[in-house]
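Next come two complexes, and both contain chain A; in the first it sits with chain B, in the second with chain C.
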Partner chain A sequence: MIKKIKHFINYADLRKFRFWLQLFFFVFFIYGGYLAIDLGREIPVFSCGYNHETAGTCYFMPLQHQLARPWETLFSAASIGVLTSFLVFLLWFIVFNKAWCGYACPMGTLQDWITSFRKFLGIPYSTYNDTQYKSLKKIKYIFLIIVIIFPLLIGLGLLDGEWRGAFCDMCPARVITPMFVGDFSQWSIDFSTKTAIFLSSFGLIFTALFFVGSFIKKRFFCFFCPMSAMHYIFSDTALLKLKKDGDKCTKCGDCYNVCDMQIKDIADDVQSTNILRDDCILCLKCVAACPEDDALHVDLVNYPIFKSTKGGFAKRMEMDTWEKKNDS
Partner chain B sequence: MVDFIKRDKDDIYAKPILGFLFKNQKFIMTLKIVVAFIFFYAIYFGFTHQGKDNTFTWAVFWGIFWSLFMVVTLPTLGRVFCGICPHGFLGKYITKFGLKKKMPKWMQNQYIGVFILVIGWWGIYYMFPGIYRTPFGTAMMFLVMTILAFIIYFIYRDMSYCKYICPIGTLTRAYAKLSFTWLGSYKSACNECKTFECATACQHNLKPFTFDGRNSMTDCTLCMDCSAACEAISFKVKKPSFSLFSKFQILKAEVWTFILILAAIPISMAFHHGLGRSKVASDMIWAKTAEYFKGFIDFGSVDAVGLFAFLYAMLFTIIAATLGMYIASKILQKDYKKTFYDLGYSYAPLFILGSIAHSLESFFTRGYDRIIEGFAFGFGFGKVDIASLASRGDKWLAVFGILKWIAIIWALIILYKRMKLIDSTKLRKTLAFPFAALLVIFFLGVNSYRSYILDTYGRASRGTHGSHSSHAMKSTDSNHSKNINILSKSTKPLDTVYFSDKKPTPVSRMGHSGAHMMGTRDRSKVPSKKVWLVTDPLDDTKCVHNTIGKFFATDIDNNLVEVKLNQKSCTSISFKMPKSGYYKVYYLLETPHSINVAKYEYKRFDHSAEAIYEKEKMSAKTIQEIPFDILQLRAEDETFYSRPHSGDVLKFKVIKNGVAQSGVNISLTTQFGWQKNLKTDANGIAKIQLIQDYLPKWNKFNKRFKENFLVVATYTEDSKKYKASFSGIFTPPREAYSSYSYGFVITLIIIILLSGAIYLYRYRLQKPFKEVHFDD
Partner chain C sequence: MIHEHKIESPKEKQNRHKAMEAISMLEKLKHDFKEPPKAMDYFYNLYEDVHCKQKPLHADKVKVGTMCIQVPAEITHALDAVQIRLCNGFYTDDEIGSDLLPSKSCPLVKATVGQFASNNFSDKPDIIISPTTCDQKAKSGAIIEDMGFDIYDMEFPRTKESEESREYWRRSVRKFTKELSNNLGKKLTRKKLKESIKKIGYAQTLYHRLNSLRKNAHSPLLGVDMFLVTNAFFFDKIDAWIPAVEALASECEQRVKDGTDAARKISPRIVYTGSPPIFPNLKIPYLIEQSDAIIVADETCSSNRMFNDMVSVDEWFLYDMVDSVADRYLKGCTCPIFTKNDDRKRRIIDLVREYKADGVVYQAFAGCQVYEMEQRSVLEAMEKEGIPIIYLESDYSPSHLGQLTTRIEAFVESLKNRKRKAK
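Showing the complex of A and B:
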């Protein structure tokens, strides 16, 4: 029985599974509010709280507000609340690791759809070269610093309270996600103060970049996403893990070719067992694309739940039909 | 021995300035001599200047050595404190000429030093506070310790005093494990070494070439004698506390040092100095125990409360540590002792980082100036007066508070890493983790409890700080009353009176208009609000005094509640708002021919899960005590977050004796003077659209500006006059400051530009096919 289930999973069409799951989570997070679903304010994806119908708010919004407390309060017992919401965030995160990005994040799903649209139009996509890749990947940590340091500076009195949600103001999810429930009010520039002008126009610039970027580059924004950086910091603690058996790898490069995030290590690194990198969105395309038995596998608490298999690869590539064609 | 070695990048000896500081023997020697001179001079000074004017002895011993220099260097640079310690410095020479006897077994016990420190120093400190504070006491203690040290150095070999007797020897050895420096050796050179100069040079009889392999620097005091003897000795920068992440020979005394010092210093301090200074200090268990025992024993000059605080701290800490580890060992199915000592190393950061925070804070608030003043005094510059770097209560000092959190996180990381070394299943380890971390949780709990108690009950006022602030309060109070006398006036029964949440204060006097009375910000208290009964136009409000009317207030369920009425010279009323909902305050003045009502309504909400906006419950209601009432009807889409904006239509309903009244004159006036008059319709409702008359210059614009409005309803029936007022606020609408068109245009321009740029870029990359001709 278990063998059958395993066989079924390992031979599954991941693309379909992922499409439906992504669609489900997209609808869930964007429209969940209509069904009075509220998972709290510690969700580890960009399910933005500016969308009033969200089923759970992105953790960065409360985090920034909590950290912006005056320091006397922040470093006192009152901050147990900060700690508990962090723990809740961690609990959410720990279960699925970065699969939150690849499966649940509405912004990630949206980018995947834009990519399909581009594919439909037949326009080729772009990639970064090595130097661009290395320098650009640091940007997400800069954003993470903005998320964490700016509120702290406000609490210290060094920065105006207007900067409280500085990252939220710059984040394209603030502009884009409310659109899906018919709220276009974020598509505006706030002229009330200079800071507000600056931040809100940044938000719109990033929104424009988001659309254009994700049109020509797969998962364009994930590359700069501070949540991804935040995930990576705690990814060692997660239960779901992406593992690689270097001995079984032939370095064919299939995994690298299907990787939306251009992670070279997935093909090149035959030393590490834990192959999850900071850019990874755990979409598992690499596992599905791997033609070697067991070379890549996804473990839930050390129990492999999805493995790369020769047979599964052949099935997904529809090899039998190809072979038939060649025969005839 | 090697004369030259190619040093690694992370070797401090290879660094330009640090290398000099740690490697140059002449510099180190000079430093040691200077330190020894200051040490003995300070002792001498303590005997010659026994009065309070001797700030020098305090500055040297309690300003610099302990605790500032020691706790700051220990978890960072390591045992550099021991490296320049005058005892060790002179002890080396004494040992050379001494008897070189082997220390007896019973004395080779690290607990001796630990117990001298914990009982002999901290125990005494809590029992007789102030005994070491005098210059004489300090000098005497250090002289006794010095003589004791020198005698032991003289009799026994291998610097045994440092290892076993010195009160801070084991402490420094233990906490130095957190540091990011590491004295080791280059294997390439040591593998071929047959002479072991580093070991022979070491007065402590240690073998520096084995440090790397043992993953422990054992008793090394960083005196740097070995590095002078052989070039193969390295002094590297590593990850902080890296040695704790892998196995090494544990020393039981080190773990007990972590636990006992944690109990003796931060926990006892939190008990005795933190909680002991709160207003509920006498309710604490140690105070009660002390009170109980005072009935049987005469404590004399012993501070019984301090003693029991110390004892309870010891008891609780040891219980937390042992119990937690015992349960953890059972879960892990390992030997209790082994688990205890293996995992006990994770307690290391708790005390030392918190102590750094405390030391740095006191250095900035009072240490710095006292050290400078002390040295000036000690070296004959007379009395100087230096300003301290910061004053108590400065906001930025809270920066140091972060160290406590780092300590807790660091401890948990070490525990996690050391847990990894234990051979057990992952599930068991995960389950055992919180129990093994019980002391960490206890530490967190004590700290949280301390701030909770101090926040909730406040500090007992005593000392200079308290009296100063109360003085300041008095002066502002008198200021206020002056202003109020000018502003308040008495009213006739039918004058328009209304409630304002701002105290009428003239702009010229206070600098800014009105104190912020948005309810108290203190999170531990029930939010409250204070409103003043005022009269005259909105832009020139005056207090009302000598009111003869009645006041009513309701809670969110429309029940009458008691409120605090302040009738001094300015009538004000304050009410508590424990839950989310609408709170109302009424003022009613009834005469045979007139009824005058003032009403204030406030929507209070928090972001908690209990704050649910139920339409029925939140609807506007009147109370039967009020014969003439204005209800502001809720908007269709009203929530806790909504607030009236310019442009919104407000609906008011007038109720007379419980029935909607038509034909009532309604007038709405805004703060800037705009007014609208109309009559209520058949349902007793009047609809008024708010205009936008807040039009400041752009750079003065505030999107959260609260403009006041005042609604007055008047009605005459059978020559009886009815009047009611209702005050509220509204803010600028979103459209006043945000622009869609700009937003769309900017986004569109960027999208077009980017697409164009990408198209061009790709177009250029495409190279048209071109035939290449080669000339033959």
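Showing the complex of A and C:
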């Protein structure tokens, strides 16, 4: 029985599974408010609080506000709430690791849909070259600094209070997600102050880039996402893990070839057992595209729940059967 | 009665010699071992037809000859042509080639050049693709071109780790695709390439299905027979090869169920690596299995390396398919022409573990410099893992058999002793 279930999972059509799960989470997070669902404000994906119907808010929104408290308050018992919300965030995160990105993030899902649209038009995608890749991937850490360090500087009195939600102001999720419940009010530049003009115009530019970029490049935005950087810091503690058995790997590069995030280590690193990298969105396309038995697998607390198999690969690539055609 | 006196032409003589080489190997394979699977008859007959009777298989098709395994068959097939690998295993041709190449050249290259020099093909290639893999192959492309053949040099990188080499090879494959398409006057369509990738993918899946049966304690198939099966992929009609291997795999699956062993229980299990055994030069595999060992896996470009790595495509459009196909022929390749050989060592060790082998036979053709050069590092790596290994040098000549037999028998005997002690 267990064998049958395992076979079913390992031979599953990951694309379909992902599509439906992503659709579910998208609807859930964007429209959950209509059903009075509220999972709180510690959700580890860009489920933006500017969307008033969200079923749970991105952790960065409260985090920036909490950290901007004056330091004496922040480091006192009064701020125990800051710690508890961090722990709640961590709890959410620990269960699914970066699969939040690949399966639950509405912004990620939206990018995948834009990719589907591009595919529908038959337009090739582009990729970064090695140099671009290495320099651009640092940007998400700069954003993470903005999320964490800027509010702290406000608390110290070194930075103006206007910078409190600096990242949120720049984030395309603020502009995009409310649209799905008919709220287009974020599509504007805030002319109240110079800083506001700067931040809100940046937000609009970033939004435009989001649409153009993800049309050209798969998961364009995830590459710059500070939440992804934040995840990575804690990913070692997660229960769900992406593992690799280097001995079984032939370095054929099939996994790298399908990787939306161009993570080369997935194919080339035969030393690491934990193969999750900072850009990873744990979409598991690599596991599905690996033709070697057990070379890549997803473990839940050291128990493999989805493994790469020769048979599963052949089935997904439709290489498991062949019918002779008369013209060939 | 007047007998017309006929003098044998050089071509006839060459064919007669090759037929003798072919038939003597086939007879040995058919009769010197336990009964082979019935489905092997297809392959025995195929070799007899092609190499003894010079029967053309692809008379009505455009034939693309290849000098190495890196030419993407997926693309050739999608352009309605057949791909024939010209790597040659005949001593007769090796001798002809010896006059044209330095004396210390690789016999495989000499034999390939020799066949061109004699211009004697049952399926003569219309165009020849020469990937710039090893020095000898790359240079012989030019020699063959001087003989008046249509050669296309397909640029191939000698390192494979860097992103640059990957991009370089992808460009090379894109260019090849375009030029072949122009040359043949056929347009590559999305549908055709997709079908072709899936067909070759299915052939690979079949290979894996058959190959994995050799993991069983009682391997249902001898290594020599497996080499025949994979060698046939060089030149056979793929539409005929597929059902033949399907039948063989089904029969072997039955054999596994019945507990039929192609060798004996005590027979040491061997992983074969090194220069490719190509029919009829199955000398070393034959000697190994005659010495009561059985080859359960191999790491050679005439077998495992042709089928091992599969194509994965993310977006089934020409742009992604062509690039994905390109990757298959570079990234997973364990050819010793590359700067480093870590992947090859890892592959051999993995095969030894997966197929529960008792030892490794490393065979290099005298003159095949890259395999000769890698020998030491592979031996060291095996020693580290505690895997017994023997290094043999051989060529296509029928001499030196005595010495090779003695060494192989001694190696097999020592493996048997280890096996007995382990019990």
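Throughout what follows, the second predicted complex is superposed on the first by the 319 of 328 C-alpha atoms of A that agree within 3 Å, B and C clash if a C-alpha of one lies under 4 Å from a C-alpha of the other, contacts with A are read in each partner's own complex, and residues count from 1 in each chain.
We take it that a residue touches a chain if its C-beta (ideal position, glycine included) is under 8 Å from a C-beta of that chain, and two chains touch if they have at least 3 such contacts.
All values derive from a computational prediction rather than experimental measurement.
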- Message: Let's test your reading of the overlay: on chain A, do chain B and chain C clash or fit side by side?
- Response: fit
- Query: Just chain B (first), just chain C (second), both, or neither: which does A:F184 touch?
  - Reply: first
- Message: By the touch definition at the top of the document, which applies to A:S200: first (chain B), second (chain C), both, or neither?
- Response: first
- Touching partner for A:Q271 - first (chain B), second (chain C), both, neither: neither
- Message: Looking at A:L156 after the superposition, I want to know if it touches chain B, chain C, both of them or none. Which is it: first, second, both, neither?
- Response: first
- When the two structures are overlaid on chain A, which partner does A:G253 contact: first (chain B), second (chain C), both, or neither? second
- Does chain B (first) or chain C (second) touch A:F211, or do both, or does neither? first
- Message: Just checking: does A:T73 make contact with chain B only, chain C only, both, or neither of them? Give me first, second, both or neither.
- Response: first
- Least C-alpha distance (whole Å) that remains between chain C and chain B when both complexes are overlaid: 10
- In chain A, both chain B and chain C touch residues 124
- Of chain A, residues touching chain B in the complex: 70-78, 80, 124, 126, 156-157, 184-185, 187-193, 196, 200-201, 204-205, 207-209, 211-213, 216, 301-302
- Which residues of chain B touch chain A in their complex? 395-396, 398-399, 401-402, 404-405, 426, 447-452, 455, 523-524, 698, 701-703, 734, 737-740, 742-744, 746-748, 750-751, 754-755, 758, 762
- Message: Looking at the complex, which residues from chain C come into contact with chain A?
- Response: 161, 163-164, 166-167, 195, 198-199, 201-202, 204-205, 208, 212, 239, 242-243, 308-315, 317, 319-320, 323-324, 327-328, 331-332, 334, 343, 346-347, 349-350, 353
- Residues of chain A touching chain C in their complex? 119, 122, 124-125, 129-130, 246-248, 250-255, 257-258, 264, 267-268, 270, 285, 289, 291, 310, 313-314, 317-322, 324-325, 328
